[in-house]
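Two complexes follow with chain A in common, the first pairing it with chain B and the second with chain C.
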Partner chain A sequence: MTTLQLAVRNLRAAGIHTWLNAFALSLAFVAIIFGQGLLEGVNRQAEQASIAFEFGDGQFWHKQYDPYDPLTIDNAHAPIPEELKPLLNSGAAMPILIIPGSVYFAGKMLPVLIKGIPADQKVLKIPSAMLTDTTKDLPVLLGQQMAKTAGAGVGDYLTIQWRDARGAFDARQARVVGIMHTSVSTIDQGQVWLPLNKLWELTTMAGQATLITVKKKPIPVPALPDWDFRSLDFLLADLRTMIKTKTVGQSIMFIVLFLLAMLAIFDTQVFSIFRRRREIGMLIALGLTRAQVIAMFTFEGALYGVLATLLGTIYGTPLFIYLSARGISFPGSAQWGFALQERMYPVYPLSLILGTTLLVLITATFVSWLPTRRIARLKPTDALRGKGI
Partner chain B sequence: MADEYIIETFDLIKRYPMGRQELVALKKVNLKFRRGEFSGVIGPSGSGKTTLLNIIGSLDTPSSGSVVVLGEKVETLTPYRSAQLRRRHIGFIFQTFNLLPVYTVFENVEFPLLILKVPPAERRQRVMAALEWVGLADREKSRPNQLSGGESQRVAIARAIVKQPAIVLADEPTANLDAENSYHILDTMVKINQELGTTFIFSTHDEKVIRYLRRKIKLLDGAVVADKHAQPSGRET
Partner chain C sequence: MKKLLFLALLTGITPPDGNLLLEKIDKNISGTTRRLVAEMRIVRKRGTRTLRVRSYVKGDSAFTEYLAPEREKGTKLLKLGKDLWIYTPESDRTIRISGHMLRQSVSGSDLSYEDMLEETRLKDAYTASTIGADSLNGRPVWVLELTARKPDIAYQKRRLWVDGERHIVLKEERYSRTGKLLKTTAVLETKLFDGRWVATRATFRDMLRANGENESLPGTEFTVEEVQFDAPTPPGLFSRSSLRR
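Up next is the complex of A and B:
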């Protein structure tokens, strides 16, 4: 008879108490996986949205371009390099020209970045086809946040002002042809989108671009004197840092939850050892060594982890499948500052589930063992009299 | 012949620290027990009876002197060998029964056989035989909290004898029982002793138990003051 079998027998004999303990632990186990899955989902969703709407598979930036320094924007443009033209012609890349400007609407003046994008591009999910306007009006596309800030809707006329290549101020009326629904605020707030060919015309910067987005990273990346290639890792670094910062609070909550679950096991063990002193003494009298008694108690605690995993799997699996298929509604998520959609889809990769399960099992075993060390110091003669701990 | 004895103590001394002082619980105890004895260590509380039984049962060790049980020197046993000795050869009966509360009667009695790795079919047969001995075969599925004190102690006896040990150490086995239950228990133990040849050593100050003993060892303040063989008078009439 191994100590593991004895532990199983004890848990079975304890009946409902065993299942209550295991259920309580399973709640923590499921909550941890749920939370981590949600964070993973938010992370992936934000990255995917940013890739689809903004970054593609990387971008060539004009050497002077620094999105965080508005003073660089004026000079951050150059003719599209010859080396990239085959990519552009095949539709695998597309240029964007960015110039600073202002928008006047309903008595408000808003500083904006005017961005020119080819109306027929297929590299990003930006609905640039809306800019294929056949009227004489200058078409402009706004993001939903920008439209809300400006108070403009489809069909409204805005006055857009900019400085051309020679530094002269110019302005033109533009008609809002569409409102873009995107969760990526970095292509929305403070920006207006114009057809690239019109912007070239208005600014006398024909054939120039500030950045060129590629559908697929070229291999090898051509070395271009005035341009730097920015990989996805580089482009997503800020987003990842922001997500990390935003999710630290939640991680702390899960750590606290996890520690509470472990504390519950620890307390159960301490109480169990205290309550079962006579039993420990009797087990030693019946011929178990102290080490075997310690192993038996440790297995009992560890088995709570195993049972919790099983229980958690039984009710957690359908719950997680449902949540990852239907998503969770998060109203007001646009205020988080990064690409979040109103419905989050948690992601539960195998590594997360296995990792959490292992963590729960190893930690449960460890915290079950910790209090059992007292048994090593316990005299069987004291234990038999219900003393000694 | 030395090997006639299954238990021998040689100048056995046991001291316990009591603050800065020491309490001497056993003072140079020299005793020998033969196989099949039905003997008891008698004396008032604090005379060292339980300490002597604990050392013989290798639950404790001597401070000095030597104790030999079935050829094994208790003071030199490793924890593993000590556990082996108890597991195979020594059964314990305690005043407070010490049944495992979550187990049924059957499982409590079965436990010593489980740790001896006895096969299931043989286990069942031996457990039922032990329960027959103590008259509790019909209570195999009961839990300890459903038993009376007398029944609990009978389960403890069945658990002590189920592995057919050479020695049963019974520490105040009747202390928590009424007279009728005490006699029932004692009759059962006498029967086991006679039919199975198990050596019984009691620690007691209960007159009812003392009347059953064939050898009475009197301890006073840790020292043996009398060691007499006598004809048991049995149940008081």
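Up next is the complex of A and C:
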């Protein structure tokens, strides 16, 4: 009988203990795949939403524009460079002008960024077509979070105040023509969207822009003196960093869960070796080498990993399929700081499943081997008398 | 204008030259230095807050220290030309107020930090024409319409109700470039200090804010307790280092 067969026989003999250990390990296995899959799904959804609503395939930023430095916004605009006009005319790019201002509504004053966007643009998914308002009112588009903060709805009149190109105050009433539903809070909170041509007129900044978003990154990227091209990697870097920090936090939880499952296997092994020391002595006396006995116990532990993988696959597969099809609802996810939708759809790449399976198998084997090292120092005579361990 | 001509014909009083009147207003309000202690009462529907401040003004520099309430005590504001800094004792930090922060209101009042940076010498910033005569607080006043001399002046139009004898503004309206009323000031009381007439109680209203729940509220009331012109200022007061002292 081979050591593997012996290991299988021993596991079967252990009955419910074996299944409890395997189940505990399978929970960790499923939880890791679920959690990582959820983060992967969130990551992809957030990136896709940011690209669709905010970044396109990259942006030209005015040299002074820094979204994290409100002090630069006042001066971060310049005439649209001639080199980019063919892209703009073909609809492959569109300019956005950003100026600071304030919104007054129902006695509240909110500092905002006033953003001008061409109403007919097709580069981003921002519903700018709503700004093609035929009435004499100045149309304004709000994001859902901004509308909630201001307490305004479609048809309400807001007063918008700004300073024109030279610094003089101006103010106009604007009618909310639409509420934009987007998970990208960076185009929503603290911002109002106006038709670009109107904003040019109101601010006496005709033909100027703060950033120019492209549908497809131009190759080669033209070198422009007042403008820098920001690639998707650059624009998505913050989002990726934020998700990475969430991943680190989640990993700690997984490590704890995993350690608990491993502790269960380790304990079982230690107890098993202690309880079966006469059997160990007998096996050595019958001619098995110490290495073969160690291998038998290690196989037993490794088989917990195999069983856990099988168990996890049995109940995890339908669960994962269901969740990735139906998504998971996270109310209030818009406040998480990056583009999250109300429903999140986990994604389970093959590399994640294979990697986690391998991790479970290797760790279970290693943890099973650790307590067996004592067997190498064991004298068969001591073992037969129930001593030595 | 018709009213003005009628008044002139009736009384024989010639309407004063608006620019000359502006010069006199500037002269009345400006001194080498000005020190004042005042109370700012901010009335909102959710409650009333009262702040007590001590200010020093010299040319286009100003230093303000909050004396009360306890929570705000020690907060200091420094204006040097077009730059503004705020120091808060709880954080022990000095922050330069610029960009979007300038648009925020000062301690929830109807005044924004931007208003504090406004050109104080009217004559330098505006040309004035006398457009009418009126009466306010029992005093005869001239109504002046001010037009900004340069396009970079924050308020391109202003309307002033000026006491022609005392050279003090009793009412003011500030307008946007396109003529929207943005801010109003109404002087409720005046007093003579060292031979100059000073507004000792006035209300400021941000008219864009004065709707909805704030519509019937008076806005921000400013009461001057003490004024001293040409008073000596503590050495080094108009410097950033004075904020942390």
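Simple rule for what comes next: the second predicted complex is superposed on the first by the 378 of 389 C-alpha atoms of A that agree within 3 Å, B and C clash if a C-alpha of one lies under 4 Å from a C-alpha of the other, contacts with A are read in each partner's own complex, and residues count from 1 in each chain.
In the analysis below, contacts are C-beta pairs under 8 Å (C-beta built on N, C-alpha and C of every residue); 3 or more make two chains touch, one makes a residue touch a chain.
Fair warning: this is a prediction, and the values are worked out from it, not measured in the lab.
Asks: Would you mind checking whether chain B and chain C clash or fit side by side on chain A after the superposition?
Replies: In the superposition, chain B and chain C stay clear of each other.
Asks: Which partner does A:G35 contact after superposing on A: first (chain B), second (chain C), both, neither?
Replies: Neither partner.
Asks: One more residue to check, A:Y104. First (chain B), second (chain C), both or neither?
Replies: A:Y104 contacts chain C only, not chain B.
Asks: When the two structures are overlaid on chain A, which partner does A:A13 contact: first (chain B), second (chain C), both, or neither?
Replies: First partner only, chain B.
Asks: For A:G305 in the superposed arrangement: first (chain B), second (chain C), both or neither?
Replies: A:G305: touches no partner chain.
Asks: Please give the least Cα distance, whole angstrom, that chain B and chain C reach in the superposed model.
Replies: 69
Asks: Enumerate the residues of chain A that count as touching chain B in its complex and touching chain C in the other.
Replies: none
Asks: Which residues of chain A touch chain C once you look at their complex with the stated criterion?
Replies: Result: residues 70-74, 100-102, 104-109, 111, 113, 159, 161, 163-164, 166-172 of chain A touch chain C.
Asks: Taking the complex as given, what residues does chain C use to touch chain A?
Replies: Residue list for chain C touching chain A: 45, 98-101, 103-105, 148, 150-156, 176-178, 180, 182, 206, 208-215.
Asks: Using the touch definition from the top, list the residues of chain B that touch chain A in their complex.
Replies: 50, 54, 57, 59-60, 79-80, 82-84, 86-88, 92, 94, 96, 98, 100-103, 107, 111-112, 114-117, 159
Asks: Using the touch definition from the top, list the residues of chain A that touch chain B in their complex.
Replies: 1, 5-6, 9-10, 13-14, 278-279, 281-282, 284-292, 379-381, 384
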